[in-house]
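Chain IDs A, B, C, D, E and F follow the sequence of writing; residue 1 opens each chain.
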Amino acid sequence: MRIDGRANDELRRVTIERNYTKYAEGSVLISVGDTKVLCTASVTEGVPPFLRGKGEGWVTAEYGLLPRSTGTRCDREAVKGKQSGRTQEIQRLIGRSLRAVVDRKKLGEFTIQLDCDVIQADGGTRCASITGAWVALRDAANWMMERKLLAEDPILAQVSAISVGMWSGEPALDFNYAEDSSSDTDMNVVMTSLGGFVEIQGTAEGKPFTEDELTELIKLAKKGNEQLQAIQRNSF
Amino acid sequence: MRIDGRANDELRRVTIERNYTKYAEGSVLISVGDTKVLCTASVTEGVPPFLRGKGEGWVTAEYGLLPRSTGTRCDREAVKGKQSGRTQEIQRLIGRSLRAVVDRKKLGEFTIQLDCDVIQADGGTRCASITGAWVALRDAANWMMERKLLAEDPILAQVSAISVGMWSGEPALDFNYAEDSSSDTDMNVVMTSLGGFVEIQGTAEGKPFTEDELTELIKLAKKGNEQLQAIQRNSF
Amino acid sequence: MRIDGRANDELRRVTIERNYTKYAEGSVLISVGDTKVLCTASVTEGVPPFLRGKGEGWVTAEYGLLPRSTGTRCDREAVKGKQSGRTQEIQRLIGRSLRAVVDRKKLGEFTIQLDCDVIQADGGTRCASITGAWVALRDAANWMMERKLLAEDPILAQVSAISVGMWSGEPALDFNYAEDSSSDTDMNVVMTSLGGFVEIQGTAEGKPFTEDELTELIKLAKKGNEQLQAIQRNSF
Amino acid sequence: MRIDGRANDELRRVTIERNYTKYAEGSVLISVGDTKVLCTASVTEGVPPFLRGKGEGWVTAEYGLLPRSTGTRCDREAVKGKQSGRTQEIQRLIGRSLRAVVDRKKLGEFTIQLDCDVIQADGGTRCASITGAWVALRDAANWMMERKLLAEDPILAQVSAISVGMWSGEPALDFNYAEDSSSDTDMNVVMTSLGGFVEIQGTAEGKPFTEDELTELIKLAKKGNEQLQAIQRNSF
Amino acid sequence: MRIDGRANDELRRVTIERNYTKYAEGSVLISVGDTKVLCTASVTEGVPPFLRGKGEGWVTAEYGLLPRSTGTRCDREAVKGKQSGRTQEIQRLIGRSLRAVVDRKKLGEFTIQLDCDVIQADGGTRCASITGAWVALRDAANWMMERKLLAEDPILAQVSAISVGMWSGEPALDFNYAEDSSSDTDMNVVMTSLGGFVEIQGTAEGKPFTEDELTELIKLAKKGNEQLQAIQRNSF
Amino acid sequence: MRIDGRANDELRRVTIERNYTKYAEGSVLISVGDTKVLCTASVTEGVPPFLRGKGEGWVTAEYGLLPRSTGTRCDREAVKGKQSGRTQEIQRLIGRSLRAVVDRKKLGEFTIQLDCDVIQADGGTRCASITGAWVALRDAANWMMERKLLAEDPILAQVSAISVGMWSGEPALDFNYAEDSSSDTDMNVVMTSLGGFVEIQGTAEGKPFTEDELTELIKLAKKGNEQLQAIQRNSF
């Protein structure tokens, strides 16, 4: 039996609220249970130096935890003067995941910057960030097309992410913070709506996992991502 | 006539939503027109080194803009590796303003950390932060008293802040961003519910202001702060 | 009775020594009692990126305390790797105060950088910096006009600053460090020689101040600034 | 056909040279093809603050590229003043992988610090670092046991890592840099000698991978890790 | 013929003004020609961690250039966020030079911190810093002895420093900035009043120097240091 | 008698291994006793901003200690976020020493970057770095000439460095770490193959040295450098 009474293959309640703030070209508040992340997409002309003149665009992401999004206040990274290794790892993951569903040639020399700021953290913030950021990205691309900044839609597919892991010896979907803290393995699986895997990051904090467990976890993640992508579509 | 049609002595619509997030001992979302700030209060045992062993508590604040809280995305300070001068100036102001209404002896050796994170910025973010942070502070002190961590209430009075300035040659209350950008003077006035001035910060960006204008602006600020303090009280 | 025997409306002894060092286009040592600040003005062609091509100049300031300018040695900010919030707040104030009396169109695309370095700190360093920096700025503008770098004088008026506050329940002018440490309120008032207020920054460290006290303090500051501006003129 | 003529399931030539430098408690130079990494293990008494008094030890890792270990010189991170996101991600991975095979209770309040410095980089540096660091860790634990610092062996199993990916549509083992740059997917698989998976990090840079490809890649990684672990054993 | 008309073995005019500022335990303004350095000595109880409990004291130095001490304004290191390599090299040299004439056992567990801040730079700032800092150090030690903080005098000898170099093919003493910029070699020689060499730092910017030139330069430096030490003594 | 049994004028065993790594234009592993330094030379087109358009090249150096190159692990500078004063002092010395034997006009607008990374440190790392870096520089210049990037050889002479100091009252050559730690004086002498002195850096940690000792030390350093330069030549 899971901590919050869910079945092993059951997502927490997910809501997606578009146009959450007024300035960004895409602005989404995603809630996955008590995890709440504000994902904004900002469009700017131009690309980073390493891409200049190649006729390609860029999609990148930054991630942050508000100091009291967590049970115990975490230090503000702007005060510490640097982002932690964890933060950088997460924002690199978000960026790669979104780029996997963007045709950067079709984007032209524009940059779309995703900002994922966690308002409340109850496990699964990196997955919620990816799922929410895709909706913000979709809105930003629509905004660009309405203004004729793009000739063609650069978004190739949806992308979403969910965590799976072993809970009391059974594969389980979408850990909250309490489950995450007491489980042995945690795997984040990023998938597109075309069925492909974009990222798989599995870590065995305690007991290493077996090949069979791996197969089961992958299957569960697939199911979870299909549901998330349906919720993404329903938000429009 | 003001940009959004308000009278010169009229506040924007102000709402205060308590218990906005679940972990913090005080958590308030304040909206002043389109300016939205999340203010959380975090209680921890102990005080900074310079106060240890004096039997006094500490109240301090940090401030941040989410990257796309503004019309044009601003760089994330955690990525730049330092807080700007503006950010530090604002968070020092918030901290001083709140300490002015706290009896630090009665707080004992506890620290209350206020975090003011701007979700959407449309002028007046530092004033909204002070006004909202006081409500979060009040909730945190109540939380401490319920748990018998404090023998007596350390909060001496309410505190709030509002901006005033010269608009088309007339004193006006509570500038939004568009007004702020095109006005000559801007003054932030922090007052307690006992009628005293805690901070006055007036800056003439363009034309210096006269002694008479100063008197008028102060009068207007008094009126605005009285209204804000009524809204603070009504939020409980 | 004040600590050093002055009347409540009496400035400390103020001296201004021009051409204190040999390289700067303006170089002034200002003493206000035992507070001594070296203010230099450096002229360079060009302006910061945000002003390029607008045909306007820029005036900006930096501030520093020599490590043993104070009673207890303060850490060198270059070693700590960052300027404190207090330092940044002060240098922003100095810059704004000077820009208030400069016609930046007449300055053309030049930058004048003021450096205010405190040799000895006995209260009122930010006010002394503003008062001294104006003299250095005046010298730098003269230097530019002599070299025909400017067609017209860009300096619109004098600017100076003085602190006022409540001392034993009475308004008093120009606190030294001992007075500042034991007073309830402290207000820095920046005024031009045309009688306008450029900045008012009042902070009630202890007891908030009333509207009447505010009126008295402003009156006193006006008197102090008029005297300082006479001393500025006499230094030429 | 692969770039260097290997079969798809063939490792590059791997050598492990123990006692490569004289001061470290474990010091290993591992070569995997032209990738060369110096892995040292340093033993110190005590643990980081978050573990103090719990009777457990700590194992952690740092990673660095020598500036000209790469085809084009990369900037020295000590000069840039911070470690890149990539570096932090890799050193976190190495640390987690090694901790997965250490009984931290048996280690007692000691820290073993692994340093993985890349002398020459030709693809697969993070995997080579894990594989080499385990040998250095094993040597350091032996050193501690010889000195009676440990009552029991804290090392539970071997751990190694290898990359797999899709090469010209086929699963292939152990990419060199040229293959890595031109392949669609890259997966690093960390396994113990007991057959469990510790980490799986798969990234589809181009085309997402399918469930079947995933199964094939895992199988190949298993084979590669078994060979690496045999080489680890033979190095003693 | 030298730029300012001096003979090759002639020092610039040197003045030493003690008690230049009021807070420091030693405070000296040294002028060597147009080079002016403020040297303060600050006494604090306690020593850095690496010396604790050894019954020895510590003497250390920091160095800084005021931004407009130089012909072209140099950036403020506190703003850049770090000290340059040159600055660190100089302050390490000053510290070592002073420690060479201190019996750290006799100093007990006190730290004397020397701050050398250059008000005006016209060549030879590091040498002037050492020469002036010794006088500040001497004053600080006297201050400690008067207060019975020290049982015995910890100062073993005087120390001073002077630059020498090849000027138009001839050895010359005490370069100013113009000479320094156009000479081939520059050597800073630190000597005690007992005749010993504490530091010799010779750099051939252009043509390497010969063994004979070296001998001549050393002789000249000896003469210069003897004169500086007489001036140090006369300042008391 | 010296710690490792050498005669006072005897170098440790020196080996130079060229082409140690495969990417750099010059790559040398130099061993001086147990001190091992990897010196690489990287050629890039273009020069730093201060040299642009002058038709001259640049030669510069960076230095680093691998964390466990030393007896006790030293912190990784990339993690600390800055290079120590010692590191910066050494890399400035290496750069100046190499530039002394380069005709920068003949180099044209190219930069040669030397990286000296210490694999194992047993005293004399800065001297070994200079001696090894010259060989890498020579190889890089040859590489450029083979590719017709240079019309003429820009290398004017060999350069090498050795330490000398007083050991038990006698001048001795090439201290190892144990000797260095227990000796009174340490002098690093950099010489060209034309017999000139490029740098002399002598520091008396304990007893200042006399003029006679200085003469003896210089003589010894000359002998050592002549031997090192023979070894440099024999490495080709």
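Here is the rule we go by: a contact is a pair of C-beta atoms (placed from the backbone, for glycine too) under 8 Å apart; a residue touches a chain by one contact, two chains touch by 3 or more.
All values reported here derive from a predicted model rather than from experimental measurement.
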What chains touch chain A and also chain B?
-> none
Do the two copies chain B and chain C share over half of their interface residue numbers, or under half; same or different?
-> same
Cα centroid separation, chain D vs chain E, in Å, comes to 50
Taking each chain's mean CA coordinate, chain C and chain E are separated, in whole Å, by 33
Chain-centre distance (mean CA atoms) for chain B and chain F, in whole Å, is 59
What are the residues of chain C that contact at least two other chains?
-> 81-83
So that chain D leads and chain F is second, what is the order of every chain round the ring?
-> D, F, E, C, B, A
Once bound in the complex, which stretches of chain D touch chain F?
-> 21-24, 27, 34, 36, 38, 40, 42, 44, 62, 64, 66-71, 73, 76-83, 87, 113, 115, 117, 119-120
Given the complex, residues on chain E that touch chain F span 82-83, 85-86, 88-89, 91-92, 96, 100, 187, 191-192, 194-205, 207-211, 214-215, 218, 222
